[in-house]
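Look for chain A in each of the two complexes below; its partner is chain B in the first and chain C in the second.
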Partner chain A sequence: MFKVNLKKTWNNFTIKVDFEIPLGKVTALFGHSGAGKSSILRIISGLEIADEGMISDGKELWYDSTKQIHLPVQRRSIGFVFQDPSLFPHLTVEKNILYGVKGKRSLNEIKDLISLAGLSGYERFYPAQLSGGQKQRVTLIRALVRRPDLLLLDEPFSALDWEARRQLQEDLKRIIKQLNVTTLYVTHDITEVYKLADKVVVLESGRVLRHGTPEDIFMGKRLSTRIQIVGKVVGIESDSIMAAVTIMHEDQYFKALVDAEEIERLNLVVGDDVVIGAKSSDVIIFKVLTQF
Partner chain B sequence: MNFAAPLLLSLKLSLVTTILLFIVGIPFGYWLVFSRIRWKFIIESIISLPLVLPPTVLGFYLLLVIGGNGIIGRWYDTIFNKTLAFSFEGLVLGSCLYSLPFAVQPFQASFAAVDRKLIEASWSLGRSKLYTFIRIILPLSRHGIITGCVLSFAHTMGEFGVVLMIGGNIPGVTRVASVAIYDEVQSLNYGTANICAAILLLFSFAVLAVVYFVNRRFIRTL
Partner chain C sequence: MNYTSKTSKISTSIISSNNSTRDSLKRFGDKRISDLLVESRNINVHKQRVREFIIEKLVFIGGLTAIVFIALIFIFLFKEGVRAFFLIKPMEFIGTHILDFDDNRVFACMWQPVGEPGKFSIVPLLIGSFLVALPATVISTILGVGCGIYLAEIASIRMREIIKPAIELLAGIPTVVIGFLCLTLLATFIQNVFHTTFRLNAFVGAIGVSLVIIPVVASITDDALRAVPSELREASYGLGATKWETIWKVVVPAGISGITASIILGMGRALGETMIVIMATGNAALVTGNIFSSVRTMTATIAAELGAVPHGSSQYYALFLIGSVLFLITFVLNLIAEIIINRMRKKLKL
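Moving on, here comes the complex of A and B:
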């Protein structure tokens, strides 16, 4: 278990957080812009130094202000994927991936990783020849090839278009699960939290507001739901009794009929991120007929 | 008049100066970009002085320091048993100081232009600052490094004031091309001076054109 307890003050802004990152799980650091998410990631990585506190990977102290310990970034077992692809433009995909590898590594293992990220055949390409999604895949594999104890992802999909983002989310989920790597993931996208995270730490103005499973955090309580769809409200048609809420989930639209009072209670407006939940007993399945 | 000797001396001086400035200027430029020392601006100002200072002023103070009674001059005399002023080595020292900003400033600008994220990415991949500098910062700064070297070379080729002050006009030792042209003009040998000046002009232009052409191809392949 990684333990993070740190405090850092800039001119008018203070981060003061205390949370844990379970091993082998994906923890999302969720919050709006300016909440301090990226700064926390940079401090954990060692690229910035906290004013006080402690960061530990469970076995070794990475930072401890009282003991004056500060492991430099080079000595922390991390993989860092930044918001924008940070590939070295003068190196090929293969050389980028192998950049951080010290000593001999099995060629098969590296080939497997390249293949896992769907990059086979691109080894001799330069970053400028790749799409945004491919670049981020290379960055991810480059970070993972060192087998880091902690993978830090700073909104890695924010610069991508919707289709590339969706594809990469799926790939990331698959890769992280297969390699069983402990991950701290910064995002302000609730859909991504639901898709990827086992645990959420909600940040606001540099403080931890809540932490728990995505269901605990965003639905207020643990529901016995079996089906959950995360999406964005794109339309609300309402009369005094009922309201039809149109929700976009990936490339599909869903319409949910709810009490008009519920809309008022939730203060729901177009643009909100929402979760539609349904109990398994309420779900009816129809078989799609292909021949009539 | 044989113009080959002064031209060859100018070439030798430019080459040695450029190599030395490359070796000294790269760590200097790096330090100026990445050091967080508060009084860095003083060092930057000192390095940039030759840009605004009349060459005779720089030459005069250099002569005081490297002359027979100067601190460096005396020290040099004790160790090598010869004077530093009015020698080729003295010219090299003067040229290095005079062309320092022409090397350091382009190096510094190109190091500063390397995306900070790439440097941090390299560190986060476990690579040291030295390794990052050699594998990432240097290759990505090659445009600025080539520019700095070309400017140093060209600037030293055309150097006159400092050379005359600290080197004088000793044939085969300190008589560089620009001083030779000045000599010919003083002797009213305009024809010879014209030929010498034209050779220097064409040579300088050719060097610059070739290097900028190569540099442009480098950038394209990046």
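Moving on, here comes the complex of A and C:
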């Protein structure tokens, strides 16, 4: 269990957080831009130093202001994937991946990782020859090949279009589960939290608002069997009784009819992130007739 | 809650507010205030357009002048240079047959333009120029690139604030002052250390010239390395690399196109440098490979002789030919630099 307890003040912004990252699980650091997500990630990685607090990986202290401990970035067992691909432009895919590998590592293992990310055949390519999604895969593999204790992902898919993003989300989930690596995932996309995270820490202006499982946080209660559609509200039509809420989930539109009062109660407006949920007993399925 | 009724309410309120503003408009002479406002705005727009037009044309002319000047220099230089071929046989620019002390006919590359007949081989001058420029480029690459790396990657902000202006100051020292120091102090020191035959030689000149190029190389290298995204450095640290590993394996290779450009530009300046070489290299047009021997560079030859040469003589045009050759060399050098940089950029997409 990673323990993170930090305080850092910039000119007019303070981060003060205290949370835990369970081992072998994906923890999402969720919040709107400017909430301090990336800064926390940078402090945990050691690229920046907190004013006070403590970071520990459960065995070793990475940072402790009272004991004057600050492990430099190089000595923390981390893998880092940034928002923009940070591949070394002068190295091939293979050399990029092997950059951080000290000593001998079996070639098969590296080959396995490369094929796990769907990058077989691209070993001799330069980053400039790859698509945005492929670049992020290489960055991910480069981070994972060192077998880090903690994988830090800073909105790794935000620069990609939805199709590449969806594919990468699936791959990331698969890879992380297969390697069982502890992950801290920064995102402002609620869909990603749902897809990937086991635990979510909600941040607002540098403070932890809530933390728990995504269901607990975003739905208030746990539903045993359910249908969930996570997305952004793109349209609300309502009359005095019923309201039709159109939400967009990736590139798909969904329309849900709800009580107009619900819209009022939630103060729902276009642009909100929502989850539409229903118990399975409430769901009716029609077969669309194609022959009359 | 009826959504449509809400919007209709809003739209009626907009219309009514429009009416009220219309009513409240006061008359100003025969024109309404609103009309006046529109008119004055039109005048402003017109003025702005004229101003933009003038600025655009001025900038365009500024850009054009540079090209025009280069073209004019090019034309004049080559027009005069080509006429050397009417007066001197092309072969003579490489060498001539002369009688040696034992009265044997030997082929020799000599620059003796005032002899009878004049000998116009540009080979010793080319050798002289490169014998100064190449060592100067090597010295300034080592020191300049090192300095650039230090400034961009290692120096604290405080150190940077001290060193950067100091380097710019070095670039600002008149070359004649550097030449003077080379001639008086450095030449003696070099002779004492290396026990050279010639007190003024290519090596002394090279050191002097490198002092002029180091600031160029250092500041372009500094710029090139600072343009390398910080994500690359952080990614390297994140992968367990130390500061030195990061610099050598990531930052320098990523900024290599800029560094290459700085070196080639520096070499171009070294070839074109005149005052220092005229003072510090001894000006003897020898065909030699020894950097501790006196040499005469192309630039020094032009500078020293053009002022004293009869207009329209063979020597006059030969000097223009040397100028053309120098121009061509620097042009080709810049072209190569451009091609290398473009290739690297394309490959690395920097």
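Here are some notes:
We adopt the following convention: the second predicted complex is superposed on the first by the 281 of 292 C-alpha atoms of A that agree within 3 Å, B and C clash if a C-alpha of one lies under 4 Å from a C-alpha of the other, contacts with A are read in each partner's own complex, and residues count from 1 in each chain.
As a working rule, contacts are C-beta pairs under 8 Å (C-beta built on N, C-alpha and C of every residue); 3 or more make two chains touch, one makes a residue touch a chain.
Being a predicted model, the structure only gives us computed values, none of them experimental.
Aligning the two structures on chain A places chain B and chain C in a clash.
In the overlay built on the shared chain, the residue A:Thr182 is in contact with neither chain B nor chain C. By the touch criterion stated above, A:Ser45 is placed in contact with chain B and with chain C alike.
Applying the stated contact rule after C-alpha superposition, one finds that A:Gly100 touches each of chain B and chain C.
Looking at the shared chain after the overlay, A:Ser240 reaches chain C, while chain B stays out of its contact range. Between chain B and chain C, the partner in contact with more residues of chain A is C.
In the superposed pair of complexes, A:Phe80 makes contact with chain B and with chain C alike. Judged by the touch definition given at the top, the superposed model places A:His90 against both chain B and chain C.
Within the superposed three-chain model, A:Arg146 lies in touch with chain B and with chain C [touch as defined at top]. Taken together, the two structures place residues 45, 47, 72-75, 78-80, 82, 84, 86, 88-90, 99-100, 102, 139, 142-143, 146 of chain A in contact with chain B in one case and with chain C in the other. The part of chain A that touches chain C in the complex is made up of residues 45-47, 72-75, 78-80, 82, 84, 86-91, 99-100, 102, 126-128, 139, 142-143, 146, 236-240, 260, 263-264.
Partner chain A is touched in their complex by these residues of chain C: 1-3, 229, 231-232, 234-242, 249-250, 253-254, 256, 346-350. Looking at the complex, you find that chain A touches chain B at residues 45, 47, 72-75, 78-80, 82, 84, 86, 88-90, 99-100, 102, 139, 142-143, 146.
Residue ranges on chain B touching chain A, taken from their complex, read 115, 117-118, 120-128, 135-136, 139-140, 222.
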